[in-house]
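What follows is a set of structures to go through.
In what follows, chain A forms one complex with chain B and a second complex with chain C.
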Partner chain A sequence: MKVDRRSFLSFVIGGAAGTALSPLPWKLMDDSSIWSQMWPWTPVPPDGEVVYENSTCSLCPGGCGISVRKVDNRAVKIEGRPGHPVNDGSICILGLSGLQMLYGPTRIKSPMKRIGERGEGKWQKISWDEAIAILTEKLTDIRDKGEAHTVAAIAGSDSGTVPALIRRFMTAYGSPNFMRSPSQRDVDELAVKALFGGDGRTGFDVENADYILSFGSGFVDGWGSPVRMFKAASLWKEKNITVVQVEPRLSNSAAKATRWVPLNPGTEADLALGIAAVLVDENMLDTRAVSGLGSWKNDLLAAYATEKVSQTTGVAAGVIVDLAKGFAGANRPLALCGRGKGLVSGSLRETAAVYLLNALSGNINREGGMWAMPEADYIQWPDVATDNLASAGLVQPRLDGAGTGKYADARYLTNRLADSVNGGGPYPMQALLVAGANPCHDLPDTQRVRAAFARIPFIVSFSSFQDETAAMADLLMPDHVYLERYEDVPIGAGLAQQMIGLSKPVVSPQFNTRHLGEVLIATAMAMGGSIANAFPWDDYETCLEETLAEKWDSLMETGVWVQADTEPVADTFQLAGMDAPAVQAEGDVNSFPLLLVPYDAIQLTSGYVGEAPFMIKAVADTVIKGTDGFIEVNPQTARAAGLAEGERARLTTPRGEAQVCVHLFEGIQPGVLAMVRGLGHTAYDGHLAGKGVNINELIGPVEDPSTGFDAAWGIRAKLAKA
Partner chain B sequence: MSTLDEKAQAGMDDHAAHGGDGKASGAGGFIILFFIIGFAASMVLGWVIFPKLLYSQKQQPLNFNHALHVEEVGEGCQACHYFREDGSFSGIPKLAQCTECHEEPMGDTEDEAIFVEQYVTKDREVPWLSYSRQPDCVFFSHAAHVIGAKMDCVVCHGHIGESEVSRPYEYNRLTGYSRDIWGKNIAGFKRNSWDRMKMDDCAACHKEADAIHDVSVQTQRGHCYVCHK
Partner chain C sequence: MKHEQTHGTPMKYGMAIDLDKCTGCGACMVACMAENNIPFKEDESEKLVSITWMRIFKLSNGKSFPDLDICYLPRPCQHCEGHGGHSPCVSVCPATATDYSQETGIVSQIVTRCFGCRYCMGACPYHARYFNWWDPVWPDGMEKYLSPNVSPRMRGVVEKCSFCYHRYQLAKNKAYLNGGRRVPEEAYQTACTQACPAGAIVFGDLNNPEHQVHQIVKPDPDNGNRSRNDRAFRLLERTGTNTKVYYLSSREWVRRAGDNYLAHEKTGQVAKLHH
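Presenting the complex of A and B:
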């Protein structure tokens, strides 16, 4: 039998005929189409029972109510909670992105200790018992040497039970060095104390005001409680209310306002006092609530004559009078301050001057006005019974100098921390605990902050994320993220009401993390003695439930507790703080002819958590493009420097230099440059790290001589072709 | 005779002229033989070997006796495969549902022991393999069929409720989906309504029901968007 060509062809034809009559081709065709339509590697969310869990967002101080959609045990979407007194169903981009923080790859998944050089990123996973033992041993060592005061703690906030537990721990341990991340809240609290004579904060009834005069407050850029402010801005538009934005740069808020009044950077206080002088001069004021005005009137008129103010601020005299008349002519005018999101403490002079306008319009503690809100006082724990070691530590001065001498009125001066550790302080710092804060990225003059951190022998980070500060730590004790834990969230953020939100675990902890409250209680127990006695609770949940007492049930049910009537701190406004000298930008005009000012964007600068990929995606390519960060330059300034749109330039300030790209922008004065805050991360993952420039590398703190707070609103700079 | 046949005939004549007498008929026989061999081989490949290659088998994590459970729970399928309050279908029960009764071992079968030791005490979900899961491009609502159209479970799922052991789960190596969708019969022949659940099977029923339902043009029963969202 010879297999010739014919036989072979016959075999093939027979094979083809047989194949066509078998299911093989038809089935394969069907399968390959199913396969190609549903690649097995395409992620498909698993099906399951859909439930909504209510909680409170604590990613920013806004305190929005959230409703998290879950499929079985997986959270799939965060929405605003309808009917919530702060945000009524709306949510911001940061709140929406929360799931990327919960499930994202930059979480710290277990306690770890450093095994390489500092900042090298070499860690070893350890158990919680071991982590607590390391912390306990270190702290006990320091304390036994009588140096308890050399330990410091930085927290993101000082309100609520978790910060209160940190502070309590520090007190029982014997250190006066509890600090809070700087923000406009610092100067606001001090202003309330100086102007109203009591502890508290301001609240603004923005919904009922009928004329808004905002001194750079980014009401749609994240100022106050951001979602509430978006809604207020829409309401103003609906009601046809005049909104004036006084700001050197055409921000989103300025663009949304009825009128944008550009002025020379850093002269907001002068303009506010100039307007006050017009009100006084033309007798367009309500003096009922202001004490001591009579004797001060002449000083004010002399120092802030309209022409003079016009020269300082660059705002035409006619406009100043116009603003004064508009403000006085409204029934419930409201003046706001705190630049951008209010991330920098700011100067007392400016704050007091703006609050004075509210006082002069008679709009204090009234509907549509400014309220002097007392501090939330629901945390009523017995005083700590300190032992000798602790008592000896507590009488030591604070490392940042707050509360004594010329800084007597300041509670925290975290901006002075770096200088203090770098040699300017009364004693060296031996250990630092950091929770809910990222000072190595967020504090001005980052290089100096990093240098200070390098000098601190022992740093513990409680951060849930691999941020810049965690990278500098020796021990990582990761906290749960807000969607995994119980916590009370007292809502300040400019609300004219006292409110407490409750964060509840929406999902079970994803990794081997532990609630900071639990860690503090466990560490106190391990240290024993008077420290253990200061923490009489079995666990954090018991502490929270006991602290909230009668509010607990309603908080568990509704997620938010609103105080019905609040007694304001005081109804009388005392004149204070306005005679301080103006805060100048750092740098010499001759070497640095330009001014660099930071600005805030709603997609960025979201506090210590770092931006989620969703948010970075929403940033315009005139702010970051690839990894390049942009600065806004007036075309006139750019022309003088020979720079065109998109060109690279070298930006130099007295504190540092950086390579930037130029974005030509008519909305900024000639001679002024603007750069967004919040970029230039070195930690986190590729979504965030290495993108843009951290403006804190270029700008340093400028101390307000009357308070000690950082009041830097900009820095002198120069720009050259790269 | 067609032109093609004429040409073929001419070719054969030509061949015969060159090749000699005896060999011509023998070669023709071989040709047919080779045709038959090719045909038979591909038939065997397509009908017997191919299905074996295409499908792979997995055992369920443990044997589940439907018949026993149906008898015990009394409410039929809905006792365990129920509709949630929002109308969505619960599908295969979660561990929490099982432990309502099985906190402690019930009975002394081997499967019960595996279930309690491996899953209940360790609080792990049982990784059941679903025989009936449709591809991801299909939107399927149990409520529309069971509550809306009042269809019986058996119409699509057959008599699984009477099974005493879990049959092996067969899945397509290419697509990863269960064999039950195409059906056990590789040629796609079906005798019962539950033998196969391909698009045509859905469409046949939807077409029949079309006369009863009055819906919009885009989403008429039998139209794409009903199932492919």
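Presenting the complex of A and C:
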């Protein structure tokens, strides 16, 4: 057929008219406008059946009950569990962010072995059988050489069945070197032993107290069991109770207190003893609970005359007398200590001095008072029958020196680990197992810690996350996260009750991870002999169920077990520890005219788990801006250094230097600088890594000579324009 | 007004936030982010473009050491009623993407209608509205925790606090199924209220004398819904936005920070309106 001009034009025009009349262009236009809004990469969360599963949060020692909302098999939201004795439906910012940790890309997704240089980040995925074989072979090698004691383990805590299994493994293997991450719990346990003569911890009945004197304890900054303390702080407001916060910086806790008493940093013990002296002097005592006051009264009065204490602390004499009168005048006054969240072991003198105030007001082991709580004792396993190799290892001294000589009373001196490995210890460390702890970020003087890690020939990390310590490891054996596993969570954290929470798997394991308890049992089986015999359980769940015995059923049902009556460690308070030496800040005043103090913020975890993106999003732009970290400086100090708001500066301490930004803050004493704890990660991903400065790069441990614990509360520093 | 199903008196959902109790911990912010599928970027320190339906502001009394005092103020959408539902944002929206509900008093935001002109952001005196400059991207695996109750938003639209409206819908359905006509107080609570560890937020129906929020606020309908509680104030109350988020503080300087007062004006003093 021949196409002429006329028919061609008819065809084109007719076709165009036909198309225009058809729905096609309108359909296309409609489609494109829908398409332009319904981006396929904007996820559409699938719907499904909604259920709530109860469990216990173990991201911090607080022990809150949680209720996880699930849609089909996905966990979509973590909420506080209503009616739970710790948090009754409320929840903190960390607990709320748990799902970002569960599903986040910084999980370690399978066991791995290092194939590149250490810290280079080159890994090879291996099977669990291979991982356990590598660990078994390495540990057997060391043990066969008679060097079982050169293996160490660091755990985040020492209570509960999982840490108990690690300790049991170490005992059966033949090493005395089980350690836990430092915290105020260290000095608290030692103080309970010295003051009450038994093993235990303190508990504070904050809900029923009617006067609070807090020596820097961040009661709304994460101290104790955080949600419980938030609730208590609101209760204090409702009851119109006087709350005094003593600390050099206007923290959120100080802002919530009825009265903020700033003092010279590091002089908290002096103020506490000064108040005690006023109580003695004015005879405002209730000595029922204290033994051996007698001659000690005169010593106290001589050493802590109000005028003298006023000079040391910078607190006016009138204020000291006022605080003493307020404290003595209350029915159930309560003094708290442990700075911020209580992340540093702390000073014995300060702890004993503050506990003395509670004792002098007669507020011991009663409603609204301080309780000497015995240790939880539900883990009753038969003693380990050690073989000769293990027995020989166990009599060796600990690498950190705890438990012997001048450190006889300390259980763990994890702060001394780096120096020990770097040449100060009795023998070199051959292998290190790390679980639930991130020492390469969290221990003071991280440079030295990293140097120590570089010297350890074999490091195993059980971390669920790609943290700084895992980056230094040779073998990664990732644990489930708390939402994927069973675990008992004994709740200490300043509660005046004995409680155990139960973590249950809310979702099935997301990756090829394995419960640490299972890994320990499997490794013990693979090692055979007396080590295998020490682990008579088929699996961790059996171990847990047998251990919890009659508590198991109620824990499965209600998720928490509360002991009805607790017999305190002792009712009499012995005078001890108050004459221990004060701990000074490291550095020379002439070359370092300023003082740098760390502070804790509830938006940062300041612990083993790295901050989730949600938490970092809630951090103010005067703490992190871009990747810059800020320090708080009194405008007067900043002026002297020629620095303005937001300006970059070089901060130097005897331990290191860093570039920081300046945030002018009138809530801090001139001459003092404050930096938040917990930032400056080098591991994890771009949502966390590289933001701010890790204060542990700038501060080192300062040993309390009476205990060996790190009691550093600050370090001398200088600040210059960058 | 349009046909809206109302049963008896309309509800007027609102909040009372006790600033004496608020600790600035940020649990409300994160509870909101988790509840409402709010995205995040690697850098969230540029707060002007950081999407936070609930945001905490830090107030200061401006004094020097050691007389400085600080206070935190959580700011959700204030759900302005204005006069008869003429809230600042609703009045300017050309797409009817935001509306004032006479049934609940909630200012809605229908993201699929919004075409991103951002007039509402200019109109809002509280910076409660946020624009999506980028498409949301969840790191690998994290999209698993997204809730089906709230659609993730795409690039180019404005979003804001909805008083967890999806929770209201769920509670309403449940109430109907149970044969009830009204949503009980405890059945509808926002995510921030539920999470707040200090118990600083009280949420409920300001019209219902049985609700705690009503008892705290004691709104005075003859006086532009001003609170009859001496501790209470609203943000920029004198502009007539008639917000439904009331703040409580025992500190005068905090109450004064809630509005722009001239030096001679007393805190809480209402400027004479010239009609």
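Brief remarks follow.
Everything that follows uses one rule, which is that the second predicted complex is superposed on the first by the 701 of 722 C-alpha atoms of A that agree within 3 Å, B and C clash if a C-alpha of one lies under 4 Å from a C-alpha of the other, contacts with A are read in each partner's own complex, and residues count from 1 in each chain.
Everything below uses one rule, namely that a contact is a pair of C-beta atoms (placed from the backbone, for glycine too) under 8 Å apart; a residue touches a chain by one contact, two chains touch by 3 or more.
Bear in mind that the values here come from a model prediction, so they are computed numbers and not experimental data.
Look at A:Gly15: by the touch rule set out above, it reaches chain B but stays clear of chain C.
Legend: residue contacts after superposition of the two complexes on their common chain; A:Trp35 is shown touching chain B, with no touch to chain C.
Chain A has more of its residues touched by C than by the other of chain B and chain C.
Legend: residue contacts after superposition of the two complexes on their common chain; A:Ser97 is shown touching chain C, with no touch to chain B. Judged by the touch definition given at the top, the superposed model places A:Lys256 against chain C, while chain B stays out of reach. Legend: residue contacts after superposition of the two complexes on their common chain; A:Leu24 is shown touching chain B, with no touch to chain C.
Legend: residue contacts after superposition of the two complexes on their common chain; A:Val44 is shown touching both chain B and chain C.
Looking at the shared chain after the overlay, A:Asp4 reaches chain B, while chain C stays out of its contact range. With both structures placed on the common chain, the touch criterion links A:Val192 to neither chain B nor chain C. Contacts of chain A with chain B, set against its contacts with chain C after fitting on chain A, overlap at residues 37-38, 42, 44, 47.
Interface of chain B with chain A (complex): residues 27, 30-43, 45-47, 50-51, 54, 84, 86, 88, 90-91, 94, 135-137, 172, 174-177, 182, 186-188. Residues 1-4, 6-8, 10-19, 21-24, 27-28, 30-32, 34-35, 37-38, 40, 42, 44, 47, 49-50, 72 of chain A are the ones that touch chain B when the two sit in their complex. Note for the complex: chain C touches chain A at residues 20-21, 23-27, 29-31, 33-35, 37, 40, 42-47, 50, 52, 56, 58, 60, 63-66, 68-72, 112, 135-148, 151-156, 194-200.
By the touch criterion given at the top, residues 37-39, 41-48, 69, 71, 74-80, 87, 89-93, 96-97, 99-100, 102-105, 107, 220, 226-227, 230-231, 233-234, 237, 250, 252, 255-256, 260, 262, 510, 602-603, 613-621, 624-626, 634-635, 666-670, 685-687 of chain A touch chain C in their complex.
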